[in-house]
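First chain written, first letter: the chains are A, B, C, D, E, F, G and H, and each begins at residue 1.
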Amino acid sequence: MNPKKIEKILSRLNRGDMTIAEAMEALRVLPYEDLHFAKLDHHRELRKGIPEAIYSPGKTDPQILEIASKILARKDEAVFTRMSKTTYERLHSRFGSKVRYFKDARIATVGVMKRATIGKVLIITAGTSDIPVAEESAVTCELLGCKVERLYDVGVAGMHRLTSNLRQFDAADVIIVLAGMEGALPSVVAGLTSKPVIAVPTSVGYGASFSGIAALLGMLSSCSSGIGVVNIDNGFGAGALAATIVKNKRA
Amino acid sequence: MNPKKIEKILSRLNRGDMTIAEAMEALRVLPYEDLHFAKLDHHRELRKGIPEAIYSPGKTDPQILEIASKILARKDEAVFTRMSKTTYERLHSRFGSKVRYFKDARIATVGVMKRATIGKVLIITAGTSDIPVAEESAVTCELLGCKVERLYDVGVAGMHRLTSNLRQFDAADVIIVLAGMEGALPSVVAGLTSKPVIAVPTSVGYGASFSGIAALLGMLSSCSSGIGVVNIDNGFGAGALAATIVKNKRA
Amino acid sequence: MNPKKIEKILSRLNRGDMTIAEAMEALRVLPYEDLHFAKLDHHRELRKGIPEAIYSPGKTDPQILEIASKILARKDEAVFTRMSKTTYERLHSRFGSKVRYFKDARIATVGVMKRATIGKVLIITAGTSDIPVAEESAVTCELLGCKVERLYDVGVAGMHRLTSNLRQFDAADVIIVLAGMEGALPSVVAGLTSKPVIAVPTSVGYGASFSGIAALLGMLSSCSSGIGVVNIDNGFGAGALAATIVKNKRA
Amino acid sequence: MNPKKIEKILSRLNRGDMTIAEAMEALRVLPYEDLHFAKLDHHRELRKGIPEAIYSPGKTDPQILEIASKILARKDEAVFTRMSKTTYERLHSRFGSKVRYFKDARIATVGVMKRATIGKVLIITAGTSDIPVAEESAVTCELLGCKVERLYDVGVAGMHRLTSNLRQFDAADVIIVLAGMEGALPSVVAGLTSKPVIAVPTSVGYGASFSGIAALLGMLSSCSSGIGVVNIDNGFGAGALAATIVKNKRA
Amino acid sequence: MNPKKIEKILSRLNRGDMTIAEAMEALRVLPYEDLHFAKLDHHRELRKGIPEAIYSPGKTDPQILEIASKILARKDEAVFTRMSKTTYERLHSRFGSKVRYFKDARIATVGVMKRATIGKVLIITAGTSDIPVAEESAVTCELLGCKVERLYDVGVAGMHRLTSNLRQFDAADVIIVLAGMEGALPSVVAGLTSKPVIAVPTSVGYGASFSGIAALLGMLSSCSSGIGVVNIDNGFGAGALAATIVKNKRA
Amino acid sequence: MNPKKIEKILSRLNRGDMTIAEAMEALRVLPYEDLHFAKLDHHRELRKGIPEAIYSPGKTDPQILEIASKILARKDEAVFTRMSKTTYERLHSRFGSKVRYFKDARIATVGVMKRATIGKVLIITAGTSDIPVAEESAVTCELLGCKVERLYDVGVAGMHRLTSNLRQFDAADVIIVLAGMEGALPSVVAGLTSKPVIAVPTSVGYGASFSGIAALLGMLSSCSSGIGVVNIDNGFGAGALAATIVKNKRA
Amino acid sequence: MNPKKIEKILSRLNRGDMTIAEAMEALRVLPYEDLHFAKLDHHRELRKGIPEAIYSPGKTDPQILEIASKILARKDEAVFTRMSKTTYERLHSRFGSKVRYFKDARIATVGVMKRATIGKVLIITAGTSDIPVAEESAVTCELLGCKVERLYDVGVAGMHRLTSNLRQFDAADVIIVLAGMEGALPSVVAGLTSKPVIAVPTSVGYGASFSGIAALLGMLSSCSSGIGVVNIDNGFGAGALAATIVKNKRA
Amino acid sequence: MNPKKIEKILSRLNRGDMTIAEAMEALRVLPYEDLHFAKLDHHRELRKGIPEAIYSPGKTDPQILEIASKILARKDEAVFTRMSKTTYERLHSRFGSKVRYFKDARIATVGVMKRATIGKVLIITAGTSDIPVAEESAVTCELLGCKVERLYDVGVAGMHRLTSNLRQFDAADVIIVLAGMEGALPSVVAGLTSKPVIAVPTSVGYGASFSGIAALLGMLSSCSSGIGVVNIDNGFGAGALAATIVKNKRA
């Protein structure tokens, strides 16, 4: 993955140890990766923006330890979502302070570096049960350098709280809205603001909510413009998209 | 279907032409229906409230003519929904003024008698495309003796029209709300009123609206209380339920 | 949320401490909520009718304690559905008699005040397994001031019990019908009465019942008129809708 | 497909032109089909009972002509379902009276022989729109030797017609019940009879009927015992199953 | 539920204590049920054929004890499906030998009387995992007077076992075929026999089997004639339908 | 909708024609809308950003003419999506140059004003069949002041075109990616860039593509971060979201 | 896409017109594509095996003409699936013999070169209606150098034809099996052969076939090993996979 | 199942103890299976290639012991998939070394004989969580005589690892690709190779992944050619298909 091999070929050509035809052939048979030194560096730069997200459920503790170990070895960074406290504790006992844990968000970070503050994200939930996913968004935003304002539990019964907070809307660069059940909140919020709205359907509800499908379909079918939807319960994805928008705004 | 046969048995018993045992046996072998004169009269009375609804699509014109003919013959009444204008014209050329047609609602009535006015129903639609179904509700309500107020096309962009019409809400006995796409309007209306709300998902929309499924699931999953949902595009059902509630209110 | 700020502006205008233009600007920049004192009072009045329903599963005990605490603090009322007995016991040990528990209905109430009796609701179930949801409806109705008659376990094998209770039908203002499996009972009941029928699909059944979907689709597709459907297992919603209809009847 | 080849092998063995080992080897390498003369004769006998059903939609007229031609060539018989009148006319102009057409049932038969009458099937529909599928069942039953009684259009509004015809139930060997929408009729019928009931969901309805899915799920989830369900709109299948039951009854 | 009240009315009429008009009025206001003595006796007779099935999961032990108690009190009979051994033991400790348990079938019977043997049912499964459902069918058939032959685990790998047992097919009155996964076995069996085939999709499988949906759709879509399908895992329903067919055959 | 009424109340108070209590009461009974002059002005300002989108299918030409007429009357602006050329021609013959039509995008605009250029959006499609939806996005972006670069038909076979255009990625503020079938393209694009990606599933494909569902699910489930998804075929929504992000970037 | 630019850089380095550092920088900023001359040649080689498939429905004739034109311009090759005869005729009138049409398969080819024969594919269908999709597979295989044997219409009624053709199975390198309805045929075929089986669900059927879903689920859930499934009606995909397997066998 | 009976018939014919007609009759009434000695031997030979797969979940330990016992008794071989370690231990304590266990793959084998090495399969996973299914494929391939190369965890973040391993692609006979979530990896791999690709959707993911459905639909809808799909999480099926292709290649 370093440009050494190409430099060597060019040096040999330069010294006359190789003909042009031989150099071209040598380039042709180089492993693909070696050819890409420039692109890959560029790519790594990009990836500094958003660390890889690793979904913890379904992975064994040893697998997670090994993944964390590799990430630290290559001085990379990763966010483990939906991590249990007991798994975190195993990580911590091995890697110490290189691992951080955010309990409400069920997030553990490995090697994630502090970023400069770049903007503000407003996070709104329809209900109390949406908070764990909202915290996943919030912590993701904060890790990526965004200030976060939280406006939780403003569903139908609290609609006036929404309208009484229009100034918070104006102060945000992006608004993330989480809702389960019928998932109508993002439509209402998008109707009240000119900011980009990221909608997160949550699996809160029962019966015809179908674990978030009703909310998902409602958000996708919304008659309000300017809404981008992410997967059910995908708090990380919403946070990462928000931070991407904010980062580009400051760029 | 008339009580003549029972009367005859009782008379014969009375005259001594029959023993009690014979009378009981005679009752036992009577066709079921004859036994039910009382219940059936009672039942017919009930059915005077709400005429039978006949869904026209998938029926041939001759079938519809025959059904209409039978209904008129037994002095009954029926509402044909989703009837095309050409089918109506065939009905009209045969039965004349006994058949009425409501073009916007795509409803034809056969033998439906005028009722006394019994209350008021407010009908609200989210968009223009919901109007044909809304008219099906409206005409049904009017046929069944309700006054109807129409408040059409008050979706997100017109939310202020909703809130500026709260007095109309108070003046209604029941509110019918129709919406396609994400179907959030009934939740919002139910949050603003203490009247019973009947929600009608419509098949308006595309993609993840899935011909009304998104709206249906949203309405069923609504976090607002006091909402009863009917089938997708079932304007007649909503109208009939509204009239049933109004009629019982006046009872 | 009080009208003090507006009164203050008007006083200053009245005293000549402010011009009309200044008063209008002062009104314009008031927090939204302050402008709404009238509406909000009106709104609170409405909400006295039906307390907020809070779905307990997926909320931690501390969250539920905090929600209950806030509700009591603002002298509001709420119904917690699907609450486990152990969670109730934690609530009770903290708030004492302000919290009530209805075991069969799995309902806990916080701050719910006694209402005057306003009418009667008949609640019918197809089977024994539907009873927990039916009790959720029954307790909701009773809390909201309705008398409740229960007619449980009258499915196919008990169809004669249905027909032998037609007088109970006549005595009710509204009928709630709960059924799982194929969910045909509401259609049959609606065919026997002129009262409004609220249908509750339950998740009772297996295989092609799909946890209540077969019953839900059947109820929505019913060829009987005058049926409003609520979400699968939504006993609270059915009770709240029934009480809304009854309350408006007496209004 | 004839036993000639086996006879030839046995003859050669018998004449001493072949050893036993050679005969066994000759049998082993015989085409599979030749070995099965006995079974196949047996199988053909079975198939005399129920002719093959050929679903016409999606087949071109030339393909249908070719299939019919082959069936007649091998003196077999077949039932073409959902055949349009124009396709029938092309068949008829080529094969004449060997082809018969049943317009209401949209069935054409090729080479189907008259059977002796073997029993009686009662066919019940919930509505008028179910009749084309019911006729497919009726004609199938008649072709296979069953007498058919028709009891059409006895849905909710005609429930008393059901109960007033209990004697027709007793007189039937099998009852076929067709219904669209919520599909509750087979449950009701099965609750009133001890005869086998075959349920046919039809695609009649709209919205949450989902072209017969609501009826199908309802019939499968029925709480009544003794019901076998066939595919949506599969009138032929129901008729064939009914005839199979009747035929075995008389066996 | 007895005809006493009617007899009394007739007696009073007979004695001249009542006019015909009074007698008719008295009949009219009789509870529905009393009018039906004949029908209900007839109905009970029917129900002697197939005991009510009660699905145990989702019912508490006290509920099951109460149901059993009522059934025994009215000298009725019932089959409890999917009953756990521990629940059975509670039933047994209370009702003793009036309750029987069939462990492999997970069936408990209450008050079920021995029937005369009436015919033979062949039960075939594709795999080993289908056996619990198959035993539910088998025990149901045996309880209802059928002899049962079991041919288990004859899927693809055992196809030759199917074809080598054609004589068993001929000896049966009805064949029940159970299969999960792709559910192809009923199609194959129906192609080899002229007996009625009852298909039971089971929830055996994973992934795209969708807990029996793949098998269910396959069985409904089968190109073989003469197949009736029951709900996923509905062993009781298949057994009851088979016994109904057999019983009618002997009638 | 104008502040006149409030001004009048304040004037009367100011002149002493009204007490403070009377003024407060007068404010309380004002129609909701009148109270909101400030908010509504603010709201209208917001809506200047994104004109209302009106989905044309399902609306009659007269309805569309009336909607357009009202929009022009209140000097508002709207975008009609999926408009046929013939409907446009009727609009044009009535309103002339106030209506514009974009044939490839099937968009007609009414009263839409030119905006200053505010940034650049890159629009990428997987295939040729995605172009109509892509053009809907492109025209929407252009109407809202964005420059648009089009990179069409870069699916699997053209993957190298993607990678050879990384500089175009860097030059864009937002990237919209449209794909039908398996919908994998947004994942790949998001892996190559640090710009916000808006994913549009299209209904291109057949069979298991299920009219865009496969693409929709794939985009929602993407393992790449920084993707917001809109409804199937919702080119307008994607364009409006992109413009919202761009506009906020420049704010 | 040619290596000229790299050669030029190397020449300049070789001539001393450039330092090694400059050459590396020049390589780094080269468009991605230019770097890939070797890979791309390799890639083109691969693509010679299987031409790109272009799904015609949803594309206008001008779009198809333009695509064909580009393909011919770059001496590439493509297969247009589901092409109507009229579209083909427009292609032919412009490009003449460079375009070929296979009517039964609804395939047009552009620039597809003749391949050497490489093996044999057996194609089996359950019914007549599956033939258009089967021909799509067959023509694809033939274009790619495979001999094709066709064994059409061997469903349940023709099962003996299957077993009597086991030698055809042995002679094939790969077997493609197409079936609609319950889709059981691939399971049966895979149970009779040790050849790789490619299963193609077709949209043949009605009701619970759900346009191929029943067949698709059945094939995926098959209890037979050695089956790979392609999309519903994807004859091209099956043919391409078969040819890929055959070509690799001969490699 | 042995040819003894046929030999006996031929002997008797040969000895003159039977006429040809008697011999033919004797053959006709032979159990089906006896006739098939040749075919069955042939069939068993086929099955030596791929042992039967037995899905362990849902089977009790005694059932599994009995199945294993029968397989060993008839000197057959089987692969038990998804077997828990504790069940394996019970098998091992009874059958000792005849049973082998592969922990990562959750596979136990009974009687599986060593095969000669016949080719190479490359197995690629998108993520770490796909590994258990991938190991099921890998162990299956190895048991069937294939060498296996593993290339795990090469999703979006590791795309360069894919492209840097193109030589591994060339060295493989078949490539198995496993992915959950959006399941895009097989499309990408198939675009980079001319080898047959077997795609395995895994149930890895959450929300709109729907336990593997998103991946399944994506793989079926892939725009890349040459992909065969197996059931969700069906590692054994993929391995068996791969080995079938490899074995036929060497044949």
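In this section, a contact is a pair of C-beta atoms (placed from the backbone, for glycine too) under 8 Å apart; a residue touches a chain by one contact, two chains touch by 3 or more.
The structure displayed is predicted, hence computed values, not measured ones.
Colleague: Any chains in contact with both chain B and chain F?
Modeller: Neighbours common to chain B and chain F are A, C.
Colleague: Could you pull out the chain whose C-alpha mean position is farthest off from that of chain C?
Modeller: Between chain C and every other chain, the largest centroid distance is to G.
Colleague: Please flag the chain sitting at the greatest distance from chain E, going by CA centroids.
Modeller: If we average the C-alpha coordinates per chain, F ends up farthest from chain E.
Colleague: Looking at B-C, G-H or A-C, which one is a repeat of the B-F interface (more than half the contact pairs shared)?
Modeller: It is A-C that reproduces the contact pattern of B-F.
Colleague: Would you kindly tell me how far, in whole Å, the mean C-alpha position of chain E lies from that of chain D?
Modeller: The mean C-alpha positions of chain D and chain E differ by 25 Å.
Colleague: In whole angstrom, what separates the CA-based centres of chain C and chain G?
Modeller: Computed from C-alpha means, the inter-chain centre distance equals 58 Å.
Colleague: Can you compute the centre-to-centre distance for chain A and chain G, using the mean CA position of each chain? Integer Å is fine.
Modeller: 38
Colleague: Send over the residues of chain G in touch with two or more other chains.
Modeller: Counting only residues that touch two or more other chains, chain G contributes 32, 36, 39, 43, 157, 166, 205, 207-209, 216, 220-221, 231-232, 234.
Colleague: Which chains touch which?
Modeller: Listed in label order, the chain pairs in contact are A-B, A-C, A-F, A-G, A-H, B-C, B-D, B-E, B-F, C-D, C-E, C-F, D-E, D-G, D-H, E-G, E-H, F-G, F-H, G-H.
Colleague: Inside the complex, what are the residues of chain D that reach chain B?
Modeller: Residues 128-129, 131, 157, 160-161, 163-164, 166, 204-209 of chain D touch chain B in their complex.
Colleague: With touch defined as at the start, can you tell me which chain A residues reach chain H in the complex?
Modeller: 31-33, 36, 40, 43, 47, 52, 55, 57-59, 63, 67, 201, 203, 212, 216, 231-234
Colleague: Tell me, which parts of chain A touch chain G in their complex?
Modeller: 3, 6-7, 10-11, 13-14, 20, 23-24, 27-29, 32, 35-39
Colleague: Mind pulling up the chain D residues that touch chain C in the complex?
Modeller: 126-127, 155-157, 159, 181-184, 187-188, 190-191, 205, 207-210, 213-224
Colleague: Note which residues of chain H are touching chain G in the complex, please.
Modeller: Contacts found on chain H: 39, 42-43, 46, 49-50, 53, 166, 173-174, 192-196, 198, 216, 220-221, 225-232, 234, 236-237, 240-241, 244-245, 247-249.
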